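So, here's a batch of structures to check.
Look at the two complexes coming up: chain A is in both, with chain B in one and chain C in the other.
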Partner chain A sequence: MVTREDVINIARLSKLYIAEEELDEMTKAMGDIIKFADTINVASEQGVEEFDNINNLKNAFREDVVVPSYERDEILKNANDIDEGHFLVRKRV
Partner chain B sequence: MAEGMIKRLGSMLENKEISCTELTNTYLSAIESANGDLNAYIKVTPEAALDTAKAVDEKLARGEQLAPLEGIPMTLKDNISTKGIETTCCSKILEGYKPIYDATVWAELKKSNAVLLGKTNMDEFAMGSSCETSCFGGASNPHDIGRVAGGSSGGVASAVGGNIAAYGLGSDTGGSIRQPASFCGIVGLKPTYGSVSRYGLIAYASSFDQIGPITTTVEDASIVYDAISGYDAMDSTSQGRRGEPTVKTLKNDIKGMKIGVADEYLDGVSDEVRSVFEKACEVYRSLGAEIVRFKLPSLRYALPVYYILACAEASSNLGRYDGIRYGYRTANYKDVNEMVCKTRSEGFGAEVKRRILLGTYVLSAGYYDAYYKKAQNLRGSIVKAFKDAFETCDVILAPTVPMTAFKKGNAISDPIETYLTDICTVPVNIAGLPGVSIPCGFDGEGMPIGMQLIGDTFCESTILNAAWQYENAAGAEVFKPSAYGVKL
Partner chain C sequence: MQYEMVAGFETHVELATNTKIFCSCTTQFGGDPNTHCCPICIGLPGVLPKLNRAVVQYAIRAGLATNCHIANISKMDRKNYCYPDLPKAYQISQYDKPLCENGYVQLSNGRRIRLNRIHIEEDAGKLIHKRGDTYIDYNRGGVPLIEIVSEPDIRSVEEAKEYVEKLQQIMRYIGVSDCRMQEGSMRCDVNVSVRPVGSDKLGTRTEIKNMNSITFIGKAMEYEFNRQVELIESGGEVEQQTLRYNDSENTTSPMRGKEDANDYRYFRDPDLVTISVSDEEIDELRKTIPELHFEKVERYVGQFSLSEKDASNIAKYRRIAEFFEQASDGVKNPKTVANFIIGQIFRRLETEDDKESFDIKTTAAQLRELVKLIDDGKIRNNLAKSTLEQMLDTGKPASEFISESDMAGLDESALEGLCRKAVESNPKAVEDFKKGKQKAVKSLVGFVMKESRGKADAAAAEQLIISIIG
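On to the complex of A and B.
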């Protein structure tokens, strides 16, 4: 059972605002999805082992050598606001 | 049997029946006339395409041999990073974002002068099965524009099915290559997890995501897979391709091949899909393969396991969108926290928000063990069930989708109903297996039906071989060109 308070709390953790008028609809949608997810809780845990990852993957490491990277100006190109080589968030009310 | 567009255009270029510039212009004009109906492309890149075409023509003039994909007009799903070309995942939150590097797959294709016509439509952040969660509106099915192209790689499938691209690359997290390929009557390959680099693919659910080709024929899919697979040091889960290029064994005999059919895959599929599927089994029998019926009971949990784990990974991956370094930023805010929250709330669409919330919920204290951990362990059981199945059969044959392409607007009304349509495709992603969807017939209204061949890990050669043999035997009956696009 998902409550309005659950949704408000989860939204806060997710850094999302849910408008008051959308809250009931979102609570219902979340409730339906969680009910659907709950079907896994009828699965027997007998013989089920702790799972790590698919295909026994090992991390593909590369040599730890310094290679040329991107220019600072290039990295900053996509930012909304920058100042002297930094990303900037100005106060705007 | 129809020749694939890559093979056909490649030989036209080699034989100088058409120049690459003429070919590219033909495709660009076709996009201009068809895209209003199909909404497959969200960005067309004519200048870069014609520059590449010119380089290919110069090479031809010098009498040089072309690589298999050289000069072939193609497209990329909009979650594959293209340096200097806007890459948005069809989300408002990535408005204006131009990557400063190329995804490895695109860097590889670029080296061999692939002609990029533009970027194609998709469900926002690949979250959807109809392409309708795109902030640009959904792509249409080239066989009936009142229906969806499928999702999430709906734009690529619509473009390839409508022949306004010879092929394209999509990504498949829960069926996003195979399902739209099935809906549009073409071929879609989801490779083994780790065999194609994910570097530069904007992440949705990292332990499921995989890039793969959408093409008109199995042979074309094999050519593209051979070109894009391989080890990449930039992807920490990279494994590379194992064995010889898949084209080498594509046309091998399949006498004695054991093809498994799990009963669970046929639960709930429409009568028309089932009857076309049974006919396909007959074709395989006539080719000397043996159909082995078996059970895969753990598939019952595949959908909830997928949605729990994929959303958990998405909630973490999408945490990076904060309006600070790239993309959309809200106009007014008091402090950084409000800026981030408003940016995300205004920038993400409803389905993405739902999945972030679900993912955060299943990872939060108090629910982690009941959902995330349990789903993760069940994932292990599903992996094992497939491993056991491959002890007794060489490939598994299953429908790709339980139904044909639905009418526009039907998918978004009920999220759960929409999730259920992914029932046949998600198990492959859960287990990291390769799967290829190929056309196998039509429903009463002329809409394409697809089926998928699933293999053990790194067995792309086996599934493509089995797929090619079916395609060759079934012939023109299962493939129908749409009314759109380039006619040569």
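On to the complex of A and C.
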């Protein structure tokens, strides 16, 4: 069961703002999503070999060789605010 | 009531790989802000992280050197939290299937500090707070870390310091990290609780975050121990908290309150596939683990009869230990080699970093040649010492500074001649000696040594002088 408190807590952890009047709807929606996901429990595990991930891939490694990084201007392109080559988060009043 | 300290460590160690854990950006320390970055390490959507093979190998070696069991199957998980040092809003770490488990580090008092686990994860970016604004540099973001989690087995500040030093030495020896605490490549979170002596229950613990100096770790633990004892003694209760240590005041203060209780909502990272390591691969990596510091100390004391202190001073630095072993190979008395290293070579290596990098001009083979000249009775210790200084200055071999005539030594008649000269030229010293002043003979020996330019055998000269006077 998903409670209103769960929703409030998850919203807080995710830094999302949810208005008081949205809470009931949100709680029901999240409950539905989890119920849907839970249908997997209906399936029988008998005779099914345990697998670790869906495509059963293993060891996709990269060798430890340096490739030049991006130009800083490219890296900072998405930043809202920039100063002295840094991403800048302004003080919130 | 008597209380005892109970402490456990979570130690982050930056791995010395060339590239980051999930992308091919350099891990080099420093660099202009945000110049060691790419879309993967700044967390842009739609990118695909790919695990660095060397990270897995380094972490397994760290595990093997600390007696861990290495998991054949392991995986990466997402640890969710929102903070600007982490642009994806999650850190890729390991949760329920770490690479290494159930190890230990043994202290000199015989106690074993058990390690719960060692897992791999990515480092976060660096935040610089200025005038209330936050400047973010993601160069460090994605640098590979191992987190070494101990059980709460530490009982004193001394044990804590030794534990950290030992980890540092082990990681440096196996070459997985330089463990420079001041540069942040090794950082400790320290969990401290107290309990009445004799109790086996654990008290409520507090966690002191991000300690990067062994001295401060000691001070912070002491402060926290006293604070908790006083709190309990005055009828209060210890609150489970995350603390920051303020080194200027030597106090701890809370970092975040209860309302921020961690809720990381770990789940498997769907972008990263299973890590599978065979027993054969683990055995191969095991072969790369060198003899460690404390094993060397034991051997140096047992095999070469060095003092524990000298052995430890040499073995502490891997390069110096290797130099010592090469220079001692085949010499009669490895102690002489040790004395040259600790006496003369160390004088030229002032800082820990100097000793760690051990950049000197003289090779081990050159020092061995010099010591062999002493072994063969061709030169005396004094001459060897001054020669070594010249060798260290120039990088040239001993033969450049010692002539054939130096090496010839003194035959008996020459020595006797010098001793007679010493007695004739120093009537005052002879007089003093006759009056019973034993020490006076030393100045006569000194005369002989000076006249022979260090070639005379001081002990033989002393006996000869005494017999001449007598």
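The rule is short, and it goes like this: the second predicted complex is superposed on the first by the 81 of 93 C-alpha atoms of A that agree within 3 Å, B and C clash if a C-alpha of one lies under 4 Å from a C-alpha of the other, contacts with A are read in each partner's own complex, and residues count from 1 in each chain.
Simple rule for what comes next: contacts are C-beta pairs under 8 Å (C-beta built on N, C-alpha and C of every residue); 3 or more make two chains touch, one makes a residue touch a chain.
Predicted model only: the values in this text are computed from it and were never measured.
In the superposed model, A:Val89 lies in contact with both chain B and chain C. A count of residues in chain A touched by chain B and by chain C gives the higher number to B. Using the contact criterion defined above for the overlaid structures, shared-chain residue A:Val66 touches chain C, although it does not reach chain B. Look at A:Gln46: by the touch rule set out above, it reaches neither chain B nor chain C. Looking at the shared chain after the overlay, A:Leu57 reaches both chain B and chain C. By the document's definition of touching, of the two partners only chain B reaches A:Met30; chain C does not.
Of the two partner chains placed by superposition, only chain B is touched by A:Lys77; chain C is not.
Contacts of A:Asp6 after superposition on the shared chain: chain B is touched, whereas chain C is not. When both complexes are aligned on chain A by C-alpha atoms, chain A residues 13-15, 52-53, 55, 57, 59-62, 70, 75, 78, 87, 89, 91 touch chain B in the first and chain C in the second.
By the touch rule above, chain A contacts chain B in their complex via residues 2, 6-7, 10-11, 13-18, 26, 29-30, 32-34, 36-41, 43, 45, 47-55, 57, 59-62, 70, 74-75, 77-81, 87, 89, 91-93.
On chain B, the positions that touch chain A within their shared complex are 96-98, 100-101, 192-194, 207, 231, 233, 235-239, 300-301, 303-305, 307-308, 315, 319, 322-327, 329, 331-337, 339-342, 344-345, 348, 353-354, 356-358, 360-362, 364, 370-371, 374-381, 383, 415-416, 419, 430-432, 457. Against chain A, the residues of chain C that register as touching in their complex are 17-19, 24-26, 32-39, 42, 44, 50-56, 73, 75, 80-82, 84, 89, 128, 131-138, 263, 265, 268, 270, 272-276. On chain A, the positions that touch chain C within their shared complex are 9, 13-15, 52-53, 55-67, 69-70, 72, 75-76, 78, 83-91.
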